[in-house]
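Labels run A, B, C, D and E following the written order; every chain starts at residue 1.
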Amino acid sequence: MSIPGKLIPEALKTLGKDRATVSYPKNKRTMPDRFRGAVEFEPEPCTGCGMCERHCAADAITVETDADGNVTWSYDVAKCMFCGQCEESCPTDAIVMGQKFELADSEKPSFEESYTFDR
Amino acid sequence: MSLELDLATGLLYLLVFPGFAFLFAYGLTAEFLDRKLYARLQNRVGPPPLQPLADFLKLLSKESVVPDNATARIYNAAPLTGLAGVFTAMLYIPVWTEQAAFAFEGDLVVVLFLLSLPSFSLFFGGWYSGNVFSRIGTTRTITQLFGYEIPFFLAAFAPAVAAGSLSTSEITAFIGANPWYVLVLLPAFAIALLSLQAKLERIPFDIPEAETELATGTLVEYSGRKLALFRLTKDVELVVGAALLSALFLGGPYPAGSIEGFAGVAAGVVVFLVKTLAVIALLTVLKAVVARLRIEQMVSVFYRVLVPVALSQIAVVLLVGLYTEGLIP
Amino acid sequence: MSEQKAGTEIPVGPQHPSLKEPANFTLNVDGEVITGAEMKLSYNHRGIEQAVLGNSYIENIYLLERICGICSHAHTSAFTQGVEELLDLDVPPRARYIRTLIGELERIHSHMLWLGVAGHEIGFDTLWQYAWRDREIVMDLLEEITGNRVHYSINTIGGVREDLTDDQRETILAGMDDLQERIDFYQETVPNEQTVRMRCENVGVVPKDLAREYCAVGAVGRASGVPTDVRKDAPYAAYDDVDFDVITDDRGDLLARTVVRIGEIAQAIRIIRQVAERIPEGDLKASAKPPQALLAQVPEDDAVSRYEAPRGELIHYIRSDGTDTPARVHIRVPTLANWPTVVESLKGSYIADTPIVVAGIDPCISCTSRIGVETDGSHGGENAFDLDELREYGIDWYDERGNVERPSTAGEGRTATDGTEGERP
Amino acid sequence: MGRIIDWARNRSPWILHLNCGSCNGCDIETLDALMPRYDIERFGILKKDTPRHADILVATGPVTKQMAPRLKRVYEQMPEPKLVIAAGSCASTGGVFHDCYNCHEGVDDVIPVDMYVPGCPTSPEALIDGIVKLLEEAGQDAQAERLAEAKPEIVEEGARIDEAVPAADESTAEIDTDDNPEEGTDEPEPVEA
Amino acid sequence: MNQSQLKRNLDEELADIIAASSERDDGRLEFVLGDRTDLDDAVATLRDAGITHLITITGVDSDEQVDVLYHFLKYGEYDAGDLSEGVELTLRAIVPDDDPTIGTITDQIPAAGLYERELMDMLGVEVTGHPNPKKLLLPDDYDGGPPLRAENVEVTD
């Protein structure tokens, strides 16, 4: 039977080390380039093709075109699963995955955003 | 000294130092230092200094639920008994001089008994809260109690045998007068340390509250201020246990104990704090570097390893005593 | 719920600290000894297999990714490999290498996670903290390469979505150096720490024949001496081109599984180094067509896709009917294959061992209960044990495997028993 | 007094993590927040294992049909004041599982939610952000509101507790401490070794 | 033994009870049972041939029949780096929708217990002789039909 405590040297070494903790809310890190945060939408290039809606497994994006040709693009970040398929499917780069991840909110309606524009 | 003065000092001991106020403050501080050191050992930041106080106040302000199938009277009374026990125990342990606030021949036994009270209060509280987890937790508490009490008592009696007295204060004075006994008593100190860890139900002996098996065991149903009291009990028990160990094995306030006057008191308190914090730090490191044992492993370690060691320690102490008295060459 | 009348029943879960996921066990205990286990894991059943049928293959990649957050790459890889088989697509080598890379990073992340959780289950919180701290190395790499810490979403039909830059290769190699150092430490420390040994040695033993009988897969099988590994059996992605060993152990207990898993991390580091060093240049996708065009070509057919997930062999069965939505996707997760071994090894263990025995197979309940659960038994029709038979079974079980104290005669355990039974309302 | 209690509550939010059918992603990230990298203990947050000890319920996953009653029960078992965080997109709205036959559409289908934290999964940072926001904004109001709404019940329960134990626990503790030593205190004899 | 050899051997041994067999491009063997009542014999034969590892049981519902697929694996074993590949093998039994029953194979392969219960829940195929045919994965109060039967699947897109 060996004596327990194989970890003691490591634990004591750790005492001398810098702590591993980030000081998150105080200092925010820069997210990596590829980080997939909330979707950012640019109405300008959008053609209203609806590929994003079609490829969205969570149905977070809806695209509606009314009789007058007005396109309503709406997005619910609380449904979004941040897969980035919409960005890839968008033929005109109207959708970009942003860097924003601090999305917490107590009111559900504030998660929805929508753009109506003419095509 | 007049009776009034006696009464006044008595009350001071009780309520301020080393009684309620001091223990409350030191207990919470000890919890903070314990958590902080534990966190640092794990490479974390750990809680802010006033954390235990915030926890305590928050719990006081929370709803305190009595579960439907609990036996309300016992369930409600349990947290107080343990707390009362540990607060009382402190009065018999020397703090700034070798003389405890209250002392009499045989007070060591009382202290040891009072230190067992929290386990019993946990047992009653857990048993009567009517939850299956807490029932298993309480049976484990009691099983564990049987496991550690005997080695703990034996270890505590080793210095008592050396000093030839059952009074904590006398033992402290004896160790203070013969500091090399600290080395003789090292094995007993180690055993007492392990037993104290088991008493406090901390890793590796946190079997009764094993969070991964029993949620928090005995305390599963407790909430609000009753939980706060249980937590306070643990904190104070930690301090009192550390103080007892430092008094029995490390010579209490020595070498500061002999200084006269206010400086002596101050130095004594400093030495007391240093020694108890050292004991607490040892307990924390122990908590950080091992895995939890199973209940039967814990009992078997205590019975098969620690009890024989404690017995031989007493034999060694006897021999050393005989040797110093010149009875054996 | 349970057929047993006597003894104490401990409900474990669905909210229970040792199960990070909702599973519900009812343990029948005699004092500290488990005499029977009834499991109900359907708390996590979401009905994904039906939801899959209403979505296109593209959407399903992301839906299936969310079967499990720990083996998300495994699920997408298995699924896309299956669809590629249906479509007869040749995935370009660079994409295969990237898949291998992510797969191995995920394996490290999963095994480190397991090591930490296992530490937590046996009350070794410091190990938990250390393992998860070191796991952050991998999490950072994954986030940098794929854009998310958990759901990488890097697979797409016919290839991968993101490239690996040279900078990232450097970062990976540097990260692997750091990690190697840590893994050496764990390899040295964890299996040799006495308290870990006390908790893991001869606990939850699955002997080789039992592992065979119950078709155990992955690290559980390998720790019991069954050397199965899809990466060797039927190499996919780039596993043909890289050198690695299959770690096996013949003890079959928890310690063996720990050793095997830590060994696998070391192997994964080896694979990742090779991949980062020799990744070939080339395309990322088999076809430049947009996904919608690819999906129009799915023939009516079926495919079985196997993948060595961190927990073992993962199977996706995909049936297509010529439309852009699948006609059936059946998923067999490794945890499901390993459940029967848990039930077997629980019987006769101590309550204190439950978490670690259950955790020993690295259960992934969200994977498992997507489809199904198992209650006590499946033991060739003998599952109508009553309490005494179960107790006997437990004792026999311990006797056969030796070395462990016979539970029901252990003096201290009994103290608990009598009290618990006596006062039960 | 109220300010002291607010201070204490804001500095000691103990969380209870409940997986209601999530994919694990949010769960490992929630636990990850306890680990050295993010160490939410520096905010005084502890992870508790029983609803009785917890102040904030962190629920993940779309809430499966089977899990819904349990979620409700766990919520009811928590002592007031209590707060609920729906961690992750699934917990907020059902997310990718919103049309599965065995799922509810998020936690708020079953119990009231005070803070939604979208993300798939919620990174530990997002969760910390959520808890901070919860304590900052919703915390006081929501607590006060719920307390006001739930008053009848609490008074009833409180009454029962108060009947069993005289109001001030602390003072009782003091009295106890006072009593016991009194018996054995007579004259501390100075003894010499 | 490679898959073609294995197929030839099995074709011979199973000649009486299989209706068709095929080897697919990826090396997977498929055997179609002539009659679902022969399942037991087929599994016994496979076991004798050393194929004991059941991967999973899949059910696929088309409108008038449920195909129950038993996926097996012949282990690829390697010692000291020597690798021989595993062979996948599928046994297909056809169950008509109007009489959805099939015999159990749990007595021969204990691991099948789980998969058969899953089959019962999700596709409503009753597995006769199953030792523990309790509801397994659907919620206790679930009252819809088997979720994977064609009539219960709503195809939205």
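Please note the rule applied: a residue touches a chain if its C-beta (ideal position, glycine included) is under 8 Å from a C-beta of that chain, and two chains touch if they have at least 3 such contacts.
Predicted, not measured: the structure shown is a model, and the values here were computed from it.
The chains touching chain A as well as chain B are C, D.
Contact count check for A-C and B-C (C-beta pairs in contact): higher for B-C.
At the far end from chain A, in terms of centres built from Cα atoms, lies B.
Compared with chain C, the chain whose C-alpha mean position is the greatest distance off is B.
Chain C has the Cα centre that lies closest to the mean of all protein Cα atoms in view. Centre-to-centre separation of chain A and chain D, using mean CA positions: 27 Å. Chain centres here are Cα averages; for chain C and chain E they lie 23 Å apart. Averaged Cα coordinates give chain D a centre that lies 47 Å from the centre of chain E. Between the CA-based centres of chain B and chain E the separation comes to 62 Å, rounded to the whole angstrom. Chain E has residues 138-139, 147, 156 in contact with two or more other chains.
For chain D, the set of residues touching two or more other chains reads 35-37, 39, 42, 49, 64, 66, 95-96, 99, 101-102, 120, 123.
Among all residues of chain C, those that touch two or more other chains are 16-17, 42, 45, 47, 50, 54-56, 62-63, 66, 126-127, 129-130, 133, 136, 148, 151, 193, 195.
In this structure, the chains touch in the following pairs: A-B, A-C, A-D, B-C, B-D, C-D, C-E, D-E.
Put simply, chain D touches chain C in their complex at residues 16-29, 31-32, 35-37, 49, 51, 61-62, 64, 66-67, 70, 74, 90, 95-97, 99-103, 120-121, 123.
Residue ranges of chain B in contact with chain C, taken from their complex: 41-44, 69, 127, 130, 132-133, 135-136, 139-140, 142-143, 146-147, 203-204, 206-207, 210-213, 215, 288-297, 299-300. Residue ranges on chain D touching chain A, taken from their complex, read 36-39, 42, 89, 92-96, 98-99, 108, 114-120, 123-126, 128-130, 132-134, 137-138, 142. Only residues 26, 28, 52-56, 58-62, 69, 71, 75-79, 81, 83, 85-86, 88, 90, 106-107, 109-115, 117-118, 121-122, 131-132, 134, 136-139, 147-148, 152-157 of chain E touch chain C when the two sit together in their complex. Only residues 10, 14-15, 19-20, 35, 39, 42-48, 50-51, 53-58, 61-66, 72-73, 75-77, 79-81, 83-84, 87-88, 91, 99-105, 107, 110, 133, 163-165, 167, 169-170, 173-174, 177, 211, 215-216, 219-227, 229 of chain B touch chain D when the two sit together in their complex.
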